[in-house]
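Notes follow the structure.
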């Protein structure tokens, strides 16, 4: 079987990372996974939320959102509805956890970095593109803070890199990095967050149709780990 | 190493299921996993949400909440705050997906079942207890609907059973069904939703501390599948 | 006329109080008036709201809520609607005032007790069961605080006990402790909050159908005072 | 003891009713009880809320609010806070119930009257002034509807008049129609809603300080019934 | 062409200002432009919002609202909807800016004045009546504060007076101070805020139908400046 | 005086319009005025809001928002705050009115076009860039609808083009198209919306510091009309 866009099952879409897209943020990246485009910014501020004060540790948090016409049909704005939906909350929390997993919060000192991931165009895999791009923005914000001497010269808050990719089973075949048309057909859908060293940060697999067995799970994890290697290279290149 | 409550690493806490606890719901169960107590009710109504109308299919949805003093320190009510938090949304969505995975929505007809999981007392594993208890409430609501002839005698919406259990790594050792004191210490925390036939519905693993490797992931899945066998037996006994 | 459940007009439903139902709260009681079941917890914290700070007085406040399927037809959650309804507000305020009426706030010191009354099952009289059960939870929380030396050994914040009961006129006859089927038929409905010494804290009578006269009001008050004697005995027995 | 404004204990403040104050509403009255001023309007519309449709009955509902600077210290607007407080809800519901008690909803036909009571200046007794003035606005809206033939010539939705007054115990003495300075000192505070024929619609007594006994309750009811006679005369004069 | 109420095109409706209408506010005015009636109050408090603290300057802010039945058809309350609409926000901001333009915030000291403009009856021009009346309330609140020595004897925060008026083009003719029936027919609608010295504070012109040209704009400004002279005289007379 | 970026007082910043930036919207443009970048999309749907149904007319509405890190300091998201601020509302309404002014809603038929203007980077003049870019997106959406035959071949809903520009007085000198550093220093700030034929749609002038006189107003309008000619040319070029 060939995929709609001619990729092989273990092939990522074209991934591009425009580092420093925003003139104002301490770190930023416009990342694309095919037609999915996410603007990631990292905002550095001194101080931490009240519940962390005085513990000598920093904080990383993230917010994810979609522009109303990033999708094929216009969605209502969450600001207009007056409520953030469950999916938005869930993805924001996932991004935050994923980034904190590769950060030494003590080395960050009592500083906060807020990551914003705004989806400008959505074609599947927005949360995985967001995590992958957010890492680049985060790395730059940390470098900026070091330049400003908000972080000591010898401190290294970044203990690894992190990226994410979706995998899924379509018509019984495991596939890497699903585009939207694939995602809606997938029987099983999994998002995997992996560090540069190849360790798992998050594994979130969901049976959209029929439940999946252990062998299918294993083949999806294999695909994801392979994709993560490529993404880590793209990140390193962007940051070089 | 022995666990705080003397369990072995692959042992569940005591699980009890009081079927039919509520006099008013079409199905209900008060489930406990040790000190965690969740009241699960299933409310059956004819008709489906507007976006499903006329498609000949039913719908299952779920809402999860915690009483303000189910926890050690009182939490503010989400109704008073005027917003549902991200964690609540996330768990409600997880419960709904887990149940829909073992339901033939066509066989349900154009009917809706709303599952409510209210945590009366929380000691770790509230979401897994909720899913496990919700299945019992759901099964009874379906039986009730068959009795009322809202579902045909030959229709069988339930295509499998489903339960859930948490697993985690503490001090490097994989453990089953974490109590709260264990949960806060876990380096990796995973919630696994498994059908009665032993297939995965959801696998959600998170590195709370250090990222985890493939071997650790495998040992956690082994533990979870073992726990799911026991839970499926408890459910069957409650429904007998 | 006989009542649906065979009671005489001046007879309460079966009242049970499970003191200490919750393992975590400083005080708790699961109270039932027939099929109405309310879980009452009392949460003790040091300090008072800002507007009371430095006045040497404590504070008691209460929140009432119903589980969505405590009723015959499922209700939407107030947390999902994003607003607390008028009835909920009104009952929460009533419970708070009722408890404060039997408390010496100075003797409580600068401490706060939050009462939560969550209706697990509703069959009429939920607010009166809530007040009656809340007193037991409150008494235990005060005893707990004394044990913790948050309240002096000689201080006695409790200056009386308090309970509540509904009365109403159905087909011209005054009746005590209305069940739901009676409540919807009542021409006049009254909730009466009475101290252990037989004094009134709240008298809230409402003509649901025709207005009522002075003689009817008097007969309702007579019934309520009689019911309050029994409730005070039940409370004393639970706390013994 | 003499009262601050020289009234006797059983004397109302000066009550004035400006009928038809608003040029636009179907019925309106600007009522004052001393310095308390409430603008009451009645808005008539054809049709009823969905849950009443097709039952051949009308509906009366009410909303109460205070201007932010109706009080001595400016209050935040509820529209700005984004929530209606418990007290506002409670009073709105009280006004609505009080008016429905003297209305034959069948005679009203499938029409709705919305009563708005906006407190322009507050000096105690705003809810009782609101009910008393709302009756005048309501009566005029019904007359207007009859003129428009929305209500039949022979139908008489108004089956009685209704007014309300506060009573309370201050320094052990029962007093009628409390001004704000009295209200804050009252040990017991009661709002009584009475029909023109002298029957009770609502009796809401609250112990603000010490609980009250049966004798005190009786003396308060005597005072309230006396005040209601005068208020009914004022209403009749305004509508003449 | 003659206007519905017989006015000439450059004639204001009857303008009345009842200074000191409210017994409780530091400054107040009930202003009417024909049938439009707005109650304006000014509330003085010591201190400023946090973002201004320590800068030696005061603050003026304003809130505008309409009573639900100020209009011909009853509107829903914004407090009930839980949100303030765009129009309300816009007008509140306009009133605040207009008043700040004639205030020396340094001379005000670290004090805040909140202006509330509540529309009791609406017949076009509510925002312009609000600004014109708010000036009177503001002037009195400043005088009050001087009396209380919250503002020094030599300080003069008021550096000019301010009023506002609407102008519009109807059937090609520029007209002053549009009533509601005129407003809905206007092709162009402009609100002009002018100081006592004849300078512009705000010019807000909007093409409701066809866009307008420079000549039309000029004729509207001429009319507005003329109306402002009369309004300034009315304000001076009220404050005399 | 020279401006910070070397422009003359009557010179626009560099304006670029990337037409069709979004792959999914019916019309779109990424517009920049110097460092200000706004993504404008136009979403076409059949049907109109309920209040317009059956009148044979279409509808255009707009929503404006800023990404949280479009600004120099990160702002909180309005979706997180749960409320849309006054400024956002005001600008959204301005954009909608401006576009409707050059549309023949009858020629549009019963169709709705929603314009979204999301500020990706903010450096002053975001609302004027939004209007200018929105026109391009709108024109393309109309062309798309014609291609889909949702609009007749002979219908021409666009009756003119529209653009907007800010002007202001800084140190007494009128200047065109203020950048952020200029905007905060301006004594008077004016946004002017002008059609391709040079007619005014909106004129919104505000005295930020001292009020302005008629001569200043005239010089600002002159500058704005000049800028509008250039913007109309840029729009025509983008659409060519």
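Just so it is clear, A, B, C, D, E and F label the chains in written order, and each chain counts residues from 1 on its own.
One rule holds in what follows: a contact is a pair of C-beta atoms (placed from the backbone, for glycine too) under 8 Å apart; a residue touches a chain by one contact, two chains touch by 3 or more.
Labels paired with UniProt names: A, B, C, D, E, F = Ribonuclease PH.
These numbers come from a predicted model, not from an experiment.
Enquirer: How short can a chain-to-chain path be from chain D (Ribonuclease PH) to chain F (Ribonuclease PH), counted in steps between touching chains?
Expert: Counted as steps through touching chains, the separation is 2.
Enquirer: Report back the single chain whose CA centre is most distant from the CA centre of chain F (Ribonuclease PH).
Expert: For chain F (Ribonuclease PH), the chain whose C-alpha mean is farthest off is C.
Enquirer: Can you spot which of E-F, D-E or A-B is a repeat of the B-C interface, where more than half the contact pairs line up?
Expert: Comparing each option in E-F, D-E or A-B with B-C, the repeat is D-E.
Enquirer: Mind checking the centre-to-centre distance between chain C (Ribonuclease PH) and chain D (Ribonuclease PH)? Centres are C-alpha means, answer in whole Å.
Expert: Here the centre of chain D (Ribonuclease PH) sits 28 Å away from the centre of chain C (Ribonuclease PH).
Enquirer: Could you work out how far the Cα centre of chain B (Ribonuclease PH) sits from that of chain D (Ribonuclease PH), in whole Å?
Expert: Whole-Å distance between the two chain centres: 50.
Enquirer: Any idea how many Å lie between the Cα centroids of chain C (Ribonuclease PH) and chain F (Ribonuclease PH)?
Expert: One centre to the other, that is 59 Å.
Enquirer: Residues of chain C (Ribonuclease PH) that contact two or more other chains, please.
Expert: Those would be 82-84.
Enquirer: Which of the residues in chain A (Ribonuclease PH) come into contact with chain B (Ribonuclease PH) in the complex?
Expert: By the definition above, chain A (Ribonuclease PH) touches chain B (Ribonuclease PH) via 83-87, 89-90, 92-93, 97, 101-102, 160, 190, 195, 197-207, 210-214, 217, 221.
Enquirer: Once bound in the complex, which stretches of chain B (Ribonuclease PH) touch chain C (Ribonuclease PH)?
Expert: Residues in contact with chain C (Ribonuclease PH): 22-25, 28, 35, 39, 41, 43, 45, 63, 65, 67-72, 74, 77-80, 82-84, 88, 114, 116, 118, 120-121.
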